[in-house]
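Written out below as structure tokens is the structure these notes cover.
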Amino acid sequence: MSEQYSHLIDLNDYPVEWWDKVINLGAQICAHPQRYVQACAGKIMATLFYEPSTRTQMSFQSAMIRLGGSIIGFDNPMSSSVSKGENLKDTTKVVSSYSDILIIRHPMAGTAKAAAMTAECPVVNAGDGGHLHPTQTLTDLLTLKMEKGRLDHMTVGLCGDLLYGRTVHSLCKALACYPENRFVLISTPELRVPEYITKLLREAGCEYREETSLDAAISELDVLYMTRIQRERFQSEADYLAQKDVYRLTPEKMRKAKPDLAVLHPLPRVDEIEIAVDDDERALYFKQAKYGMYVRMALILKLLESTNPQPLLHGELHPELRCVNPKCVRAQEHYLPPLFTQIGTRTVCEYCEERALPVE
Amino acid sequence: MSEQYSHLIDLNDYPVEWWDKVINLGAQICAHPQRYVQACAGKIMATLFYEPSTRTQMSFQSAMIRLGGSIIGFDNPMSSSVSKGENLKDTTKVVSSYSDILIIRHPMAGTAKAAAMTAECPVVNAGDGGHLHPTQTLTDLLTLKMEKGRLDHMTVGLCGDLLYGRTVHSLCKALACYPENRFVLISTPELRVPEYITKLLREAGCEYREETSLDAAISELDVLYMTRIQRERFQSEADYLAQKDVYRLTPEKMRKAKPDLAVLHPLPRVDEIEIAVDDDERALYFKQAKYGMYVRMALILKLLESTNPQPLLHGELHPELRCVNPKCVRAQEHYLPPLFTQIGTRTVCEYCEERALPVE
Amino acid sequence: MSEQYSHLIDLNDYPVEWWDKVINLGAQICAHPQRYVQACAGKIMATLFYEPSTRTQMSFQSAMIRLGGSIIGFDNPMSSSVSKGENLKDTTKVVSSYSDILIIRHPMAGTAKAAAMTAECPVVNAGDGGHLHPTQTLTDLLTLKMEKGRLDHMTVGLCGDLLYGRTVHSLCKALACYPENRFVLISTPELRVPEYITKLLREAGCEYREETSLDAAISELDVLYMTRIQRERFQSEADYLAQKDVYRLTPEKMRKAKPDLAVLHPLPRVDEIEIAVDDDERALYFKQAKYGMYVRMALILKLLESTNPQPLLHGELHPELRCVNPKCVRAQEHYLPPLFTQIGTRTVCEYCEERALPVE
């Protein structure tokens, strides 16, 4: 298994110091983009998007181009050899041999890690289903660093779908690593953050509160992180109609907020932020998208320069165990070794971090 | 509303002197392409094609590359965030923050203008439904300039679908601005040019004649601009079969034409020009496509260099009016302000230029 | 008909000396890639993929980028003017006028040749249906040259679908041109190589043997070229299940092979090579894919530098003949002249090399 490259699969594979280096480099690039226009001259980035995401793909592409590099790739799996039944390993092997860095997005959890196991170059996880999306979290951190001047001592509201929203979970985990952050978790009772997140916050010694009204919480916040709530996530259409306005950001609610509130959103939004809010200078979600390009420039540089790769795999072979997740990459790529890791008292799949059970 | 950039939404937003500058720069680039190979080094062009158009997209892409710039973009809205219900404003905001110039094509009239209202860089209209396609008109003008040596004192035949063909309308409007052009409008009675075009020609003092036979008109022409007639545009299949040959250019008809006739076609053609005509040196439609690349190079340079943007919006807010056009961008993008303009005695929608009625 | 450019439509249009030059240049580029990073600076390659093939397209794209050139193109015919009914000639004419070299892949035999007839730049055949795929053969030859050190005096096993596999036929024809190669043709009786290949081997004075068991043949081989057998190619599902393991390469079979066997595969594979074989250092198919990039770099350079084009057309006009192949480009592009060539006693279509019959 090739562990000779530096990959970014999961932010938690790296210490907070590493994140700070990437974010600080991102801030440098923001300030002096001209210094980096030849930094990746002659390098090729391949973007393998097995699932469409224009924004993320264009963000990576413009990042590489602004470093002087070039891009190849696809955004349409039906135009690819995938439609001839090729496995992930073979596609990764070949495409990584053409390129210097590989960006992969896939609907199955663990795909980026599986790709990294055989790639001939560094691999970046640009989203593996509902599992991880580390460059979104780096984007959020660079935005806060640039706009608030710090990553600590903040009261951070997170609003919307806190149960399924992976960007929310990642941001909580990340900000819990910096001192004195306080969290206000704003959602319907059905869409509360999962227990493992509140446990993590408690263990990190972070103060937090759960809240069902954005209006009630907004005045105390330094940061408000908004996310989409999908209509289907409500119990009924009646519930949706009754509650959607409670979690919708409007100019009225903004009037109660601090003058230096930072409103973030991973985008795309649907209607959880009223368009009239865009003109408020505290609305930072479009700036945030641009910081996403800068932080990806920093990340690409960092991974291409690294001569001291982090270990990719932490688990052990357990042929007697199976992963229960039908959306795990191993459900499709059967040649992958059955690797499992111990997290506290739980044994989880190395690829998707879901629970392991004995083979039947 | 951001009006700090120079956009090209509608040729008529600029005076004829500006067109001449772009065309003359295009002619310079044709003559000395090597001088421009680094003119846009480090710049990024984003092409947002919400509707497929290989030719136009590749023309823009090769133009940017021949200026030393790079490209990002999509040609497949289903691979984009659009499929997650994102509005035009958000897509434009984000993509324009990654790039230096944005090229947009969309099936709804007024989309390029709406995009320009919030973009963080210059926007070029690469076709907004049946409404405008200004770079095609610039292409036609550069072709005539290069091949006829002038844009005035010509007898110009326009043949085919003169009712719906937007390139025909734009070319008429453009050539009417140069002295002593004469027009022969060749079509079935059902597909005659709209009244507003003949009115415009009369007001500009241009001589024109309507004609139902290409064969009868061809000998007097300096320029013949051919367009496709869609089968569905005829009253019946019988009508189509009876009339299609009347509007089809053949080697026989070419025999009656002047030795220096210039035959143009915006392409793609179907069968309105017989393939045997291609070998005639008066057939300039393939050369015209190449001039399209050169004029787009000139346009990109012009917009990126401009420090004196034209005002984008001319209308006034009229919440009491509505646009009657179901294919207007406002039918879809509800946040757009209800702007309307006075043209003579008519009040029209700022975005699509269709008629306004009172809100019901 | 434009024959002023050097095209690569069919390897057999060139003498073996030319192949050797391309392969030797490919070897040079492998050894010193840094020397070529500006070799095509300012040049544009257009990739027209009317049929998806990620691997081939990315290989060409990364080749051009590693030479300092740029790329435009499509991989999705439905996003193209093709969907508006444009013929191949017009698309080729226009796109080749934007670019310096055109790479075309199409499901109909003879399409690349037809495109070359009117293109304004060199054309490379990247696969025309089941007909030809010359850059795959160049890839195979460079791989053997680099890994075996020679292209002669080898015992070459070809295994799998030898009836329909065009890469197998091309490789046989190519290796038959070098001295003292011996062939072992391993397949089911239903999927034997066509008669014209064995005839060609006999005429070239090559020793060959047909074999139905990979296990029986593997120990004598210097090279093993594996190919996919499509399930549908077997007489019945029962036949498939009974026979598939006979043609499947496994670690067990590898144990009987020479220590310097070279295992090649054009990829994508399905399950004709067990994944456990990948770790064997004699498994060269991923390296082969990388050599494909290098040989395409060599080819692009060669065609762009050529000032002495080979004649493109060898046939004569025969309006009284018709091609019997429903997948011939002339079945769709009716304007193409009815050209036919004499091969021995047979008259074949110039485009697809299938048999000609009198017009009914």
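So that you can tell them apart, the chains are marked A, B and C in the order they are listed, and the count of residues begins at 1 in each.
Just so it is clear, a residue touches a chain if its C-beta (ideal position, glycine included) is under 8 Å from a C-beta of that chain, and two chains touch if they have at least 3 such contacts.
All values derive from a computational prediction rather than experimental measurement.
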Chain B onto chain C, rotation angle from CA fit, given as a multiple of 5 degrees: 120
Interface residue overlap between copies chain A and chain B, same or different (over half shared): different
Chain A-chain B separation of Cα centroids, rounded to whole Å: 42
For chain C, residues contacting two or more additional chains: 76
Of all residues in chain C, those that touch chain A in their complex: 37, 49, 52-55, 58-59, 61-62, 65-66, 71, 75-76, 267-270, 275, 278, 286, 289-290, 293
Footprint of chain B on chain C - complex, ascending: 42, 44, 46, 70, 72-74, 76, 78-87, 89-91, 93-95, 97-99, 335
